[in-house]
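Below is one structure; the comments refer to it alone.
Chain lettering (A, B, C and D) follows the sequence in which the chains are written, and residue indices restart at 1 in each chain.
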């Protein structure tokens, strides 16, 4: 932290600031400027938020944070990239590009099994599908809940694909963990710290989505909640942030990929479906994500988008998904990632 | 919903759109334009989100929502304003301007009781204080939890002030409800639908804060979650939205007050402390809120802001709060609201 | 500026940073931290932007600006508030609350004269009206240009009200200056530096609007362009910033009033019409602005909003404007400002 | 436009709305809904903004625009993509990927000629360099003006590269046009309509950057200003939008590429330097842009970024630019674009 004193602040005010910095366990260093003084507070950054309160002292103009407040998620603690294993021989963050695909919501046995087969045939390695759905409206379809989890399990047995599915309530963590290979935290729960703490106690990969108004730094602090509870298997997912633009549902912040890669060792994937909200934008954003260095993708696919219970407008038809995957394999190769397509894909 | 067809869409494509609209339970009405056709889908708006998926059909350019998707929160269902009683003879949304004040976090018996006495003496009618704290960093103070609730209870007994305190985990709803007069949902939980549904089953006022990236319409849909479960005692709270501006912690959207008042019968209060993040901005934003028609305020007050465990920079000292309240009473009078200050305030 | 070194940066890298700081004319001060070093660069802040380029040097993690880059606009150079005189005995920034009112565009002699009489009768001290209109669409009405200026002049002669009107092209500065009492710079030209420099050479008040994506600091830098050319008569105008919210045309940042007042001596007014975009939101935002400490308002009034060539939806009818003014006078009194209404208003 | 009536609006109010629609030259079509009526206004969309004013009429709840207000820029008027020729045999929007590169500002003969040679050797086909610089601070370097244009001309003669340079003042259009092969409109001038109209009268390619707070639709309306004056040679450039995220200078909206491609025939390029603000993010964003379907890039390159007069932190060193170009050629090939690198590149 840098504490900036007001122009004309008195010696006594400066002395009081230094005293308070010391009482909080940090060491003050004053730089005497031409028009005002600034004081650096040196010490462990992790608890430094309390220094912000020094803004209340007389003679203080502002308090400016300098260092990153996260630790376990940082490259400085772990310089080499982490690969998170989600099934035997299948890891996000290694050489292989991982594609998770499936419907927004599990709707029926036929729907989920048919989709699972289609995305597997096209080269996806993981099946996605929502059983607990956080919906803006209480009158919208809220998900099949445990029944949906059972259908995901069935689709997994039919295809061998591991499954990723969302958990929205700390109460359901145990239930969802019985079925899921990867537990997803949605954009509305990025700062649901009660949920994050519980997931930090599991030994299971967590797919943590960035919130619509979550900065990169806050996103990494949310990851830090999981890591600091002991679970190191965190996969970060950028899914669009809220901006003034309305041509897309949200604005996909693809620069988040290299920004995150420079700050953290955790793997990073992209969700182009929720970010854009329109099926015709999904394929180009898949290509761009991989070119930017993403470790994987999570994509919505539905056999009949026009009849989907949720998010139909942004779901790819299976044949469009398959065409996207063929082109994606070429981009992955240039990016230094492998995407092996099944024969006939 | 209005379904906009592409220029040159075929008759068959238009027919298919009309067929799907009917299958979803709505009635299609076509307007034949000069360059393209648009189709209105008439029917109950509440479940209409599924119509959005028609964007996937060939020949469709876009789907534009027209009507508001909330019902119980709307002025159309209940034209007259609702007053939410939070203690005998004390209601938010009536003639009286309600001021809730207190520290961000409960830190000790001395701190909370001293603050409670000070804000009461200055004219506040409700004591605020956090026992469960959602903090961005896992290394920051997380609140005193049940111990904090007990101290709030003590402060209530000492002063007679009802208390408002936050609940962050559905698991704790019952516990917090045993102590709180008003249950607060914080900005990070505005779309924590699991939590909202549980609160909807209580018979207790809910102070629902707007999320940092929540639109007015989504905010009212979150209120609708609580209302549709049966609890009609919802108080809305604007507390700043996230924008590009960094001079303030968030940007206080004061126009949300008249926007909400036009759309809903629910009372609306303002939290200027979290919105601005700086103590010197709190008083002017209190005055502006009341002039704009707010029914109340929730303000952070701390006896020693520079030593606060959280949010010190935005907390008023008791004497500054008291001065603000005296001026506020004058603005309230012009706004047609009453704020009665104790003798000697 | 604070230059933050990477963890593990070498001594040589640190030495090179210090050398470059000196070459740019600043004095380096190193603070040795626990995990990394930071270097303060001390010296005149006005040209310090070049220091940002030090981020390119090996071993540098980031460069963090600390001080404000404006000078003439700052409270530090001129602590007491400035009042800008716009006509004999009429100043913005003094005790009197100044209300500028009139149509978005000048459309005809009848329209502008009728409106001028109506707003004067209601208590406005300045007439607004656009002759050069920056419109998003080339197919929209672009203003009456010089003919419009002549009609404004006529309305001024009829009513005695000074006029404020927009200039959009540096080429037209001289022409507009022949007619206008106050020259307005619109939100799309806040960073039209060519225009600002020309206006800085006039001896005439400039009403500078904040851009839709202009930070407070950038806004003051734009004022600094005018001030540094010699014209000290700058009036700042907040008119809403662009956010994700669509219920209003923009989001009125009322907290900009106290934020600006703390940083600059220049007067600050509010434009609630463009900020909200809807007539029914204008009055509450006028009240809130004055309660927050604004020195004045600029409000759109049109005798027949439904027939306006531009911005009809946000224009008040004369009778609604008059009602607003009566209530506004009461709020002004509480705020410590005077708004004298004509007899019969 | 769709005019949404209030619930309970009277027959007379509806009749008045229909009458006004007709008076404005459109044809009203009423859809009778269950709870309210909506009225479609059918007719040429280009001047339809005036319909927005109908919101002022009694009984009207809101006015919702449905169709796109641009015409010449649209795919509907010209379905096939436009290629804009910028030099004999060199076009943006065809099979070739176009890379424009060079320093933010022209600083000296040595600097611009050296950079021109370096970027040509690496495969760039166009030289960029600023002679007129719109700078946030009046105390920052403002560009070499005509002297800079002469140096760009010299570098062009030395290397054969056509040049793109910015014009900021309508007064300078003729001067800049004497030197430039492509005239650039910067992000602060996207809605400087006076400038756009003058550029519309040239027979020269215009590189139009998107403003920081400009929606896609407004961006295309700005292009429409140029097109409607007669100049069809418009190249669109996405360069980042302003959001709450501070890890990057702006947020690069890469989804703007497919969004624009679906709506307009004009070519689209990306500026990753201004968007991200940090050199280490430029290469991944170049790759992502091309994968998303961009027709070209404009990239800042400086021989000594740490000594640059402007934007040093985001400028690539020549050797890093060359490495980026080699990888970019591979991505271009997968995207179906050609990027021919000189021998030895």
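Criterion: a contact is a pair of C-beta atoms (placed from the backbone, for glycine too) under 8 Å apart; a residue touches a chain by one contact, two chains touch by 3 or more.
As the structure is a prediction and not an experimental result, all values here were calculated from the model.
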Superposing rotation of chain A relative to chain B, computed on C-alpha atoms, to nearest 5°: 180
Chain pair, A-D or B-D, that carries the greater number of C-beta contacts: A-D
Averaged-CA centre spacing for the pair chain B and chain A, given as whole angstrom: 26
For chain B paired with chain D, centre-to-centre distance based on mean C-alpha positions, whole Å: 38
Distance between chain centroids, defined by C-alpha means - chain A, chain D (Å): 30
Residue list for chain C, restricted to those that touch at least two other chains: 213, 242-244, 246
Partner chain A, residues of chain D touching it in the complex: 213, 215-217, 241, 243-248, 251-259, 262, 275-276, 280-281, 284-285, 287-293, 327, 330-331, 334-335
Residues of chain B defined as touching chain D within the complex: 2, 4, 7, 29, 31-36, 38, 40, 42-45, 64, 66-67, 76, 242-244, 246
Contact set on chain D toward chain C in their complex: 20, 46-47, 49-50, 52-57, 63, 69-70, 134-140, 168-171, 188-189, 191-194, 197, 211-213, 218, 221, 224-225, 228-229, 242, 278-279, 305-313, 315
